[in-house]
Each structure stands twice: as C-alpha cells, then as structure tokens.
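The following blocks contain the structures, represented as structure tokens.
Here come two complexes built around chain A, the first alongside chain B, the second alongside chain C.
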Partner chain A sequence: MRRFITQRIISMVITLWIIATLTFFLAKAIPGGPFTKEKALPEAVERNIEARYHLNDPLIKQYLDFMKNLLKGDLGPSFRYEALTVNDIIAKGFPVSALLGAISILIALGLGLPAGIISAYKHNFWQDNFVMFFSILGISIPNFIIATLLMYIFGLKLKVLPVAGWGSFRYMILPAITLAAYPTAYIARLMRSSMLDVLNQDYIKTARAKGLSESKVMTIHALKNALIPVVTYLGPLIAAVFTGSFVIERLFYIPGLGRYYVTSIYDRDYTVILGTTIFYAAFLIFANFIVDIVYAFLDPRITYSSQR
Partner chain B sequence: MRKKVTLILLVAVMLLAFAGCRETEEKAPMVLRYNVGAEPQYFDPRKATGIPEFTMLLNLFDGLMRYDINGQLVPSIAESYTVSTDGLLWTFKLRDAKWSNGEPLTAQDFEYSWKSALSPEIASEYAYQLYYIKNGEAFNSSIPKDGNYYYPKVDANGELVTDADGNVVPDLEKPFDVNSIGVKAIDDKTLEVTLEAPTPYFSSLLTFTTYLPINKKLDQANPDWAKSADNYVSNGPFRLTKWEHNNVIEMEKNPNYWDKDAVKLDKIVFTMVEESSTELLMFENDEIDWGANPPLPELERLLEEGKVIINPYLGTYYYLFNVTREPFDDVRVRKALTYAIDRESIVKNITKAGQLPATAYVPPGVPDAEPGSDFRTVGGDFFEPYNPEEAKRLLAEAGYPDGKGFPEFTLLYNTSEAHKTIAEAIQRMWKETLGINCTLTNQEWKVYLDNRSTLNYDVARAGWIGDYTDPMTFIDMWVTGGGNNDTGWGNPEYDALVKEAKSSGDQKVRMEAMHKAEKILMDEMPIAPIYFYTRPELIKPYIKGAYTSALGYTDFKTAYIEEH
Partner chain C sequence: MQPVLKVRNLKTQFFTYSGVVQAVRGIDFDVYPAEAVGIVGESGCGKSVTGLSIMRLITYPPGKIVQGEINLDGIDILNTPEKEMQKIRGGKISMIFQDPMTSLNPALTIGYQMSEMLRLHTNLKNNEIKERVIELLNLVRIKSPEEVYKQYPHQLSGGMRQRVMIAMAISCEPKIIIADEPTTSVDVTIQAQILYLLHDLKERVNSSIILITHNLAVVAGLCSRILVMYAGLVIEEGSDFQIFENPKHPYTWGLLKSVPRIDQEEKEKLSTIAGLPPDLISPPKGCPFSLRCDYAMRICFEQLPPYFEPEKGHRVICWLLDKRAPAATRSKK
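Let's turn to the complex of A and B:
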C-alpha cells in the first residue's frame, strides 16, 4: 500500500508538470495578448506594458520564471484583474464553488442512490419507470434551460427565491438544484444498472439460498459491491463540481471559480489560465487517487500490495 | 405563570410596534442598484480603460471639469480657468475641496497624478490621453534607469536601437528632465498646464478618467491603495465602501465632497452580472433598478413595455475594406459595396434600438465651430442610405457587370449573434443587388483583432466609440499608418488636414480641416459606414437626474429615486 501511494504521488507530480508545461505554451500560442484591445496602443505604451509585465522576455525565460514561482506556490498576478493575484482568485472563488458543489453532491447522492436502488429492486415496476423517466430528463435537459426555468418559476413568478446572486442559503437553492440535476440522474442510472448486475451474481443467490433476510442481502452483500461504479464516477464528479461551473456561475451570478476557466481564455489572462488549469488538474488527480484507495475498502478483490 | 408570560409578550409586542413607528418616521436611505455588467479591472484612475471603470470612477472622483445633468461642461474642482492667447498655457484656479479622508485637495495632487500616469513604470494603457501635455509623450516614451529617465537611443535613420532581446535601449547622453513636463502646481490652489499644441477641446478632455486626481500622500505611502475598499480615498460625490470581486461594489455619499448638497443618493450598489438574460430577470424581479445590457432578442418587447430607454452613444458601426487586396484596391468596388447596403432596413429590422443609418463617418452629437451647431449637421450626408443603381453602375465600371468575374471573398466579424445577423443581411444585399458572393467568417474577439490589425482579411466588421466630444477622436485614426487604421489606406492630403486641425487653436480652421478630411475619407471609402450607435438600457421609470454620457458612462452625482 505504501509503495502504491509513493508511486502514485510521483506520477501525479509528473502529470501536473506536463499539464502545466503544455498549458503554458498553448496559452502563449493563442493570437492576441492580455492587452490586445480594439483601440491600438501607441508604441511607447505597449513597450512600457511589456516591460512591466515581463511580456517581452524570451518565452523560455518566462516559462522558467513561471515554474520557479509555481514551486514556491505563487501563481502570479492576474492581468485582467489588477487588484487580484491568481492565488487570491482561487482563495476567494474556490470556497464558494466548493460549497455549492458539496450541496449538489449531497443532493445527487441523497436522491440518486435511493432512486437507483429502488429502481433496481422494483425492476420493471412503475417505480422503476418513474425513476427512469426523470433520470432521462435530468440527463438530457441542458443545465442552462433548467436554470432559466427555475429562475423564472421560483424567482419571477412565485417570488419565493432570489433570481440570482450570492449570500445566504436562499441564494444557493436554485443553483444547487441545477448543478445536481445531471449527477443525480446519472447516479440513479448507474446505481440501478450496477445493482441489477450485482443482484444476478451467484454470491447473491448463495446468500439468499443460505436464508439471509432480504434486507441483509441488499445492504451487506449487494450494496457495497454495487457502489463501486458510483465511487469511480464520484472522483471526477467531485473535481468538476467543486471547482465550479462556468454556465451556472454566470447565469446565477455566483462569485465562484468556474467563470475563470472560460473568461481567462477570452482575456488572454495567462497566469489565470495556468493557475486555474493546474488547480483543477491537481484536484482531479487527487480525487481519483482517493477513489483508488476507497476501492480497496469496498472490494476485497482489489489490493495494492506489492506481491506478485 | 401563564399570566406573566402573557404580560411579557404583550410588552414585547408593544415595544416592537413602537420600534416600527420610529423606523417609518426616519427616512429610509435612498439606494440605487445598478448593474454595470463587468468586474472593473482596477480602481486607479490613472490606469482605467473600460466603460464600467469609467462609470465607477466618475462617481468616485471629481476632475477639474465635469458635465452637468444637461451635458454642459462646467468647472468642478477648478473654480475657474484662463487660456493664453496662443491656446497653449491653461491656468486653473482650484476651489476649496477635500479628499474623502478629510485632507485638503491641492494642485500638487493633480501634478503628481498626471506625471505618474505618464511615467513608464506605471505603464498605463491610457497614458496617451495625456500626450496633449507638453513633453507628456516624451516622458511616457522615456526609459527608466537607476532612478533617472533617458530618451530611447535612435540610430542615424531615426530608428530605435534595440538590444539582443529586442528591448529598446536608453541613450545615456540624453537624459529626460521630469520638470520639463507641462504640468506645474504654482501653489496649493493654482495649476498651470502647458500643452504641446493648441487644443480647444482640452477642457472636455479634463473629464476623462486619466485626468482625475489621486491623493499624492496616500499613493506614496501605499501604492496598493486602489486594490481594495479598505484604504480607498477619492474626491467625488461618492466614496468606495465595499468591493467584493464579481459580487458587489458599494459606494456611499461622500460627506467631504465640496458639492455634497447636490448629491441625493445615500448609496449605490453595483452588481457585475455579465449574462444579459439574468440581468433582465433581476430587473423584472426588482432586484436591480438599472441594467446596462438588455438582451437584444427581447429589445422590441422591452421597448413596448417602456422598460428600456435609448440613450445616445457616440459611435459608428462600419465595415473595413482591405485596400491592399484586389479587388478592394479599386475605389469603385468599395463604393459599390457601400452603396448596395440598405441601411434603413438594417436599423429597422435588425438592430431596432433607434440607431441612425450612417451616411458619413463622424456620428451626430459632436459640436461644430458655431456654438450650438453639430458637426454632422454641418457636414451633411455623403451618400444615399441605399443606392442600388449607383452601386450597380460603379461595379460595372470597375469591370464586373452584374458581379461577373468578381472574386469570392470573406466577410470577417467577431463572434456575436448581433454581428452575424447584420453580416448575413449584408451578404444577401450584395448578392441580390450586385450579384457577388461572399462567405462569412467569425472569429473570437482577440483573434479577430489580431487578423484585422495585420490586414489578414478582405472585408471586416468594426466599430468605434469616441473618447471625447470632438470630431478628432474619429478623424485622426485614419492617418497613414495610424495604429487604428486597419485598412492599409492612406492619403497625404488627409494627413496634412489632420495635422492642420491639430496645430490650430481656431475652432473654425479646425472644423473646416476636419470636414475636408471626412470628405476625402468618404470619397475614397476605405470604410463603409453602416449605422450610428445608440445605447439601450433597462431603467426603472422612478430613477431621475442621472447623466448618461454619449461616451458610454453614467454619472449619478445628481441622481435620485422618485417616490413610487
């Protein structure tokens, strides 16, 4: 186990380094720069700006400087938001996105898991059809449509919740539901199919044949194994949802991190492009790493011992 | 026991009722909620460039001059000013005014702000707005080294000398003297400004954010003062009290403002909602009072319901011709394409926000030499809003009768639904009237700008919003090789006229030169004007007294909220 963890950490660092390097050169390769504006700048002004932000340094020097600072944990200043450093942007935006993400994941698990289990248990009964109908909707309706519908109904028509903004819990309800729609539906389907799969396994039949109660068969034998695909999905899901969604944060006007993934590219805000990409990549890699460890507890067939 | 509880409850209810009464007696604070639509880049007036920044800074600060509610330019921090007969020396007498922290505002603050805005180290994008000041450009172009400034080194041909990394090198024999910059505080209340050339519209330039003062003492003690609301000091109608990035900005009435009696709002709450459909929902749900970006597809309904007000906007929407490419090197082709555009149909059926068809380049709303006259009215129209016969004739004359043999070309625009709709309409008009084919290409904003400035296009969409209310802000961009002249076009006569207008202090001479220049531009047609911009905005009917400038910003100094 220890050797597995050490190996994974080394490969995680290498992966991150490759991602950072590729992103750096790709970002610099996009035409235009952070100060490209409709109104052209006089030569002297351009020169001063390049000198101030070290944009006139040779590319390789810019890359080495960036890597040096990255090792120190300093992601540099933002070009677009002069009052902020990239570290500020992540420190301010991530807690907001993560809180919203955590609520959505709780909704997704709280609704998706039971729905999937019931669906599998009542296979082809009306409960199954009911769950599958809504899960199809949840998967196929784009989140901006769900968002607009919720804003219109609960904000404008019923006037029970604010349309957009951030602050108290009231502001989190609509975006959290929107954000949870897809994962809830996906988890329900995933849980259903893996549960059906497990219920047909021989060891379940054995358990039943041994005369175990149905509830024991379901919880102890079936559920634990059926959870593995859901746990696999949870790794990337947590990484994606905790680091913020561009569409949802833009529509609901939420000061999270999600907007920066897209706006930084439009702004050619190199440091923010790099900072947010590296942050997301690190989060994703780490989440997958945790998932791998959780496997070992869920499925006795999976071990990370160094035998063999 | 039960009795006691009842009694306590009764007393509590009565107390609450009284408290309620007191609250209604006190006047509720007057709060305006405005959506500016984008997070401001920075709150340092020396470096601000965008319209959201302008709106915020002009409410936080007060310059030497300010536009009043009727759009009249009036002295503000300046009590009065005089101009020398040659138009070069401007002397401003400052009134007794204070910073929001109570410190007195002095002429030294202005001298310091302008000089530091010009300094190469600050690297302000809008430093060139201060190039009117004597040696302003020289200072901005100088190279700092060991605490001194030097002119850049030039070789025998006048070209800049660069080192191995491509950096411009300082000429150590030619130091730049910071005292030679044409802004000087004679005493606490007198500011003397020397200009490079006579500039009659200099007084209107003084409303520009780059000319606002900053607190010298504060900036020297804490260069990061403009990065948060904590240490922020300004001198205008409002002061910054809260800045939560991409969430909310709050300003409160500045009790130390010299003209505080004119300020009626207690507070302005700014949101930065970028999504226009969200802005509209918030507006209709009474979460904001004013939104700067109504969604275009809803415009017609919103205008009918009286929710949108159309404000003037000093700008022109036009197409660029790349005159370095065939067949656009032929003026007859350029004219044919221009005349074949049905402008009325575009403003009536597509843009729908009261835009005017453009039959010239400089939009209306710029004063001419005679007081009260408008440059556009004096200049008149240069062509018909739609002239298909003349267009056909010119195209035939250029050797492409009914479009036969006309090479296929591309029409470039930056990705946006609005530009796309207009481009499709014009593509159809060219096809139907002239029989020529073009393909549409859209590119992401900065890729498009890059291709435009490197002349990597055939015909491209463009727009220009004036920086100040003088025709020069539109005219001087088309000089040969100008940084904003993305057409490859140039005309020595045009350049001479611009030079003449720039060196004269006589409004008559200037305006005449600029009218002549505009005529050359429209005779040679490197650009096809399409329409003059307007600015539709979501505004609640109870908001009164705000000044919406045709330059794009909004001044809430005298704004108030009517009982509703």
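Let's turn to the complex of A and C:
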C-alpha cells in the first residue's frame, strides 16, 4: 500500500508538471496580452508595465521563473486585478465554491443513490419509470434553464428564497439544487444500471436462498458491489463541482472561483489562467487518487500491495 | 412413513415478450426423510425451475408458479406469507447452486457469509456462531478453517468454494437440501470429492437431498430414487435399480446410452439423442418426446400418454406401455 501511494504521488507530480507546462505555452500562444486595449497605450507606458510583470523577458525565462515560484507555492500576481495575487483569488473564491459544491454533492448522493436503488429494485414498475423520467429531465435540461425556473418559482412567485447573492444558508438552496440536478440524475442512472447488474448475480440468489429479507439482500449483499461505478464517477464530479461553476456563479451572483476559469482567458490574465487550471488539475488528480483507495475498501479483490 | 416434501401438479411459467414459457407443466413427486432423490434431464427441461419453485425463489416478473401444491413437513409453501418463507429458506430448505465461482458474494468474508445464515435461523450467540462455522468448515474438510473464515471468496479455489456452499447449506440442519448441478462447474476430480462429501453428510445431518443434474452418472451412487424430466414433465420415475436396469421410456434409454462407458472403443463416437427439446412456448399436444423418438406411433403425436405403472414405485409416461402397443425393446449396444 505504501509503495502504491509513493508511486502514485510521483506520477501525480509528473502529470501536474505536464499540465502546467502545456497550459503555460498555450496561454502565451493566444494572440494579444493582458494589457492590449482597443486604444493602444503609449509605447513607453506599455514597456513599463511589461517590465514590471516581466513580460518582456524571453519566454523560456518566464517559464522557468513561473516554475520556480510554483514550486514555492506562489502563483504570482493577477494582471487584471491589481491588488490581488492568484493565491488570494483562490483563497477567497474556493471556500465559497467548495461549500456550494459540498451541499450539491450531498443532495446528489442523498437523492440519486436511493432513487437508483429503488428504480432497480422496482425494475419496469411505475417507481422505475418515475425515477427514469426525472433523471432524463435532470440530464437533459441545461442548468441555466433550471436556475431561471427555480428563481422564477421560488424567488418571484412564491417569494420564499432570494434569487441571487451569497450569505446565509437561504442563499445557497437554489444554486445548490441547480448544481445538483445533473449529478443527481446521473448518479441515479448509474446506480440503477449497476444495481440491476448486481441483482442478476448468482450470489444474490444465494443470499435470498439463505432466507435474508429483501432489505438485507439489497443493503448488505448488493449495495457494496454496486457502488463501484458511482465511486468512479464521484472523483471527477467532486473536482468539477467543488471548484465552481461559471454559469451558476454568474446567474446567482456568487463570489466563487468558477468565473475566473472563463474570465481569465479573455482577460489574458496569464497567472490566473495557470493558477486556476493547475488548481483544478491538482484537485482532480487527488480526487481520483482517493477514489482508487476507496476501491480497495469496497472490493477485497483490489489490493495495492505486492504480496498477496 | 410420511414424505417430508410433497409436490403436486406444480406448474411454473415465465411470461416473456415472445410468449408464455411453460417451464414446468404439472409435476408430482414426494421426498421422504433422509432420502436422496435425483432429478435428471437436459438443459431447459425444468429441473432447476422445479428447485427454485420449491424455494419459492421464482421472481415475478417474469416467472410465476401458476398452479399446484408444495407441502413441506405440513407447511403449505405456496400459501405462506413472504416473511414466514424467509424463515423456511435456509432454515428448513437450503440450496446449493451450480457455479461456486459466482455464488458467493465477492465483497464479504466467508466467515460473515456463513455466520449470517446461523444468525438468521438459530439462537446461537456470536462466539458460538463462530465456533459452529469453524466446525462446519471442518466437516466439509477444509484445511485451516480459521484462516478461511477470514478470507474472501476470490482467495479460495472452485472446489473449496463449493465446499463452503455445502457447509452453508447444511449449517442449519435443514429438512431438505436442494443441490442444483453442484458438480457441473468443477473439474472431474473435485466432482468425485464433492459427491462423496454430499453422500457422507447426508448420513450425518439426516437431511433429504434433491440432486438436480443433467448427468445420470452423478446420480448413480448417491440417489435411491430418480426422476427423469423432459419438457417440463416427469417422464419416468423409479428407484435407482428401475431406472438403470429396467428403464421403460425411450428418452431414458437415450440418456443412458449417452453416458460414456469405460469399455468404449477409443475412436467410437459418443451416442447422442438427435434433435432438440420442443419449444415450451407452444409444447406439442402429444408426447413431448415424440419428435425425437425412434419408437413413436401415431397416437404419440396426438395425445399425451397417462402415467403407466409397470412396477410399484415405477411410473412412466409413454404409450409403449399401453397393452395395445407393439412390443418395443431397448436397443442394447
């Protein structure tokens, strides 16, 4: 197990380095720069600014400087927001996005797993059709439509929840539901198909032949085996949801991290592009690493030790 | 002596998109205490469905027991509420399945899977349960049971897993053990060991065994009574002597002929029964075997024969036994 973890950490560092390098050169390859405006700046001013941010250095030196700072954990200053460093932006935005993400994941698991289990257990009965109907809606309706519908119903018509802003728990309800819609539906479908597969296995017949009640057959014998595909999906899902959603944070006016992924690109805010991308990549790689460890707990056939 | 299990006119059907499959079409049989009964027939003849029907493990949809009576030790199985049925499954009837590789849960330890059964059907305390599991593992001759207790199914060989399944099946000393093809998916050497074990355990735990198999040779040493099934019907029933030495149904003749013999010439082809079993969505109106039978007469295609009883305890469903039929003898080779 220890050897597995060391190997994984080494490969994670290499992966991150490749991502950082690619992102660095791709960002620089976009035409224009952070200080390109419709009205050209006086040449002297432009040169001054470039010198301040070391943009006039040779590209390879810029890259090496960036890597040096990255190793120290310093992602550099933002070009767009003068007083902020990239570390500040992440430190301010991430807790907001992560809190919203965590609530959404809880909703997605809390609704999606039972829905999928019921749907598999009542395969082809009305319960199954009911769950599958809503899961198709959840997967196919874009989140900005769900968001506007929720705002209209709960904000404007019923006047029970705020339509935008960030603060107390009340502000989190609508965006969290919007953010959870797709994963809930996806988890329900995943759980259903994996559960159907497990319920057809011989060991479920054995469990029933032992005289176990249906609830015990489902929870003890089926669930643990059926959870693996859901856990696989949870890795990328957590990374995506915790780091914020551009659309949802825009619509609900939430000061999260999500918007920087998009705005930094048209601002040519190089350091923010790099910082957010590396942050997201690191999060994703780490989440997948945790998923691999969880596998070993769910399925005893998966071990990470060299000796058996 | 009273039979421990009485099955009367059992009919189990599967409602599929292509039609109603009449898997079991009205069968009767009795199982007496401490007796081993063999149910023999080729794939799709309804033998496994019979086993699952007795356990009431036919899932609806698509399967359903549409008619009949199953009486286990005075309990009317088909009219028992599901909650009561759970006490009977594993407690009074247990089942050993065909494939030991897939019949144990890969995510749970052997110890857990075995204890679960005892926890359900006995009043033993936790430490007593563990002792009993170890004792059972010893009984099915598993070496180092303490270690196996903590292991997962994938750490055991197929033969060992089947032993675990057998240990589990006998753990609550059931009235009846239904063994559905217990030797089909293990190698021949293990097969012999498993059969010997079943034979030995039958004496010890005083249970009756219903051995379901497609292989007459498997039944030979173990069962004192044999039912031959074909197309959802019991086409011949008799003692082991009657079936092996004096079979009456041409299908049984065919089955016996297709068992490879040790004195067979090396190059000699194995004997087979030509053709396929009938489609059970629309079974033939006459004898289901008539299409493959070398002795078929006109009446065989038109009317299902009644049961004839050439000897006490020997029933055959075949028109050849009618007084008016020409004498047909089994071609011996």
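Criterion: the second predicted complex is superposed on the first by the 306 of 308 C-alpha atoms of A that agree within 3 Å, B and C clash if a C-alpha of one lies under 4 Å from a C-alpha of the other, contacts with A are read in each partner's own complex, and residues count from 1 in each chain.
In this text, contacts are C-beta pairs under 8 Å (C-beta built on N, C-alpha and C of every residue); 3 or more make two chains touch, one makes a residue touch a chain.
What you see is a predicted model, and the numbers here were worked out from it, not measured in a lab.
After superposition onto chain A, the partners chain B and chain C occupy separate space and fit alongside each other.
In the superposed model, A:Lys28 makes contact with neither chain B nor chain C. Of the two partner chains placed by superposition, only chain C is touched by A:Leu298; chain B is not. One of chain B and chain C touches more residues of chain A, and that partner is B.
In the superposed pair of complexes, A:Arg8 makes contact with neither chain B nor chain C.
Between the C-alpha centres of chain B and chain C, as viewed from that of chain A, the superposed structures give an angle of 160°, to the nearest 10.
Of the two partner chains placed by superposition, only chain B is touched by A:Arg250; chain C is not. Residue contacts after overlaying the shared chain place A:Lys122 against neither chain B nor chain C. This overlay, made by fitting chain A, leaves chain B and chain C with a least C-alpha separation of 49 Å. In the superposition on chain A, no residue of chain A contacts both chain B and chain C.
Of all residues in chain B, only 39, 41-44, 47, 49, 120-125, 127-128, 131, 137, 140-141, 165-168, 226-228, 243-247, 271-275, 277-278, 281-282, 284-285, 287, 444-447, 449-451, 453, 463-464, 483-484 touch chain A in the complex they form.
Residues 55, 57, 61, 85-91, 94-95, 97-99, 102-109, 116-117, 120-121, 152, 154, 165, 168 of chain C are the ones touching chain A in the complex. Across the complex, chain B is touched by residues 30-33, 35-45, 47-49, 51-53, 56-58, 80-84, 89, 92-93, 148, 151-152, 155-156, 159, 162-166, 250-253, 255, 259, 266, 268 of chain A.
Contacts from chain A toward chain C in the complex involve residues 124, 201-203, 205-213, 220-221, 224-225, 298-301.
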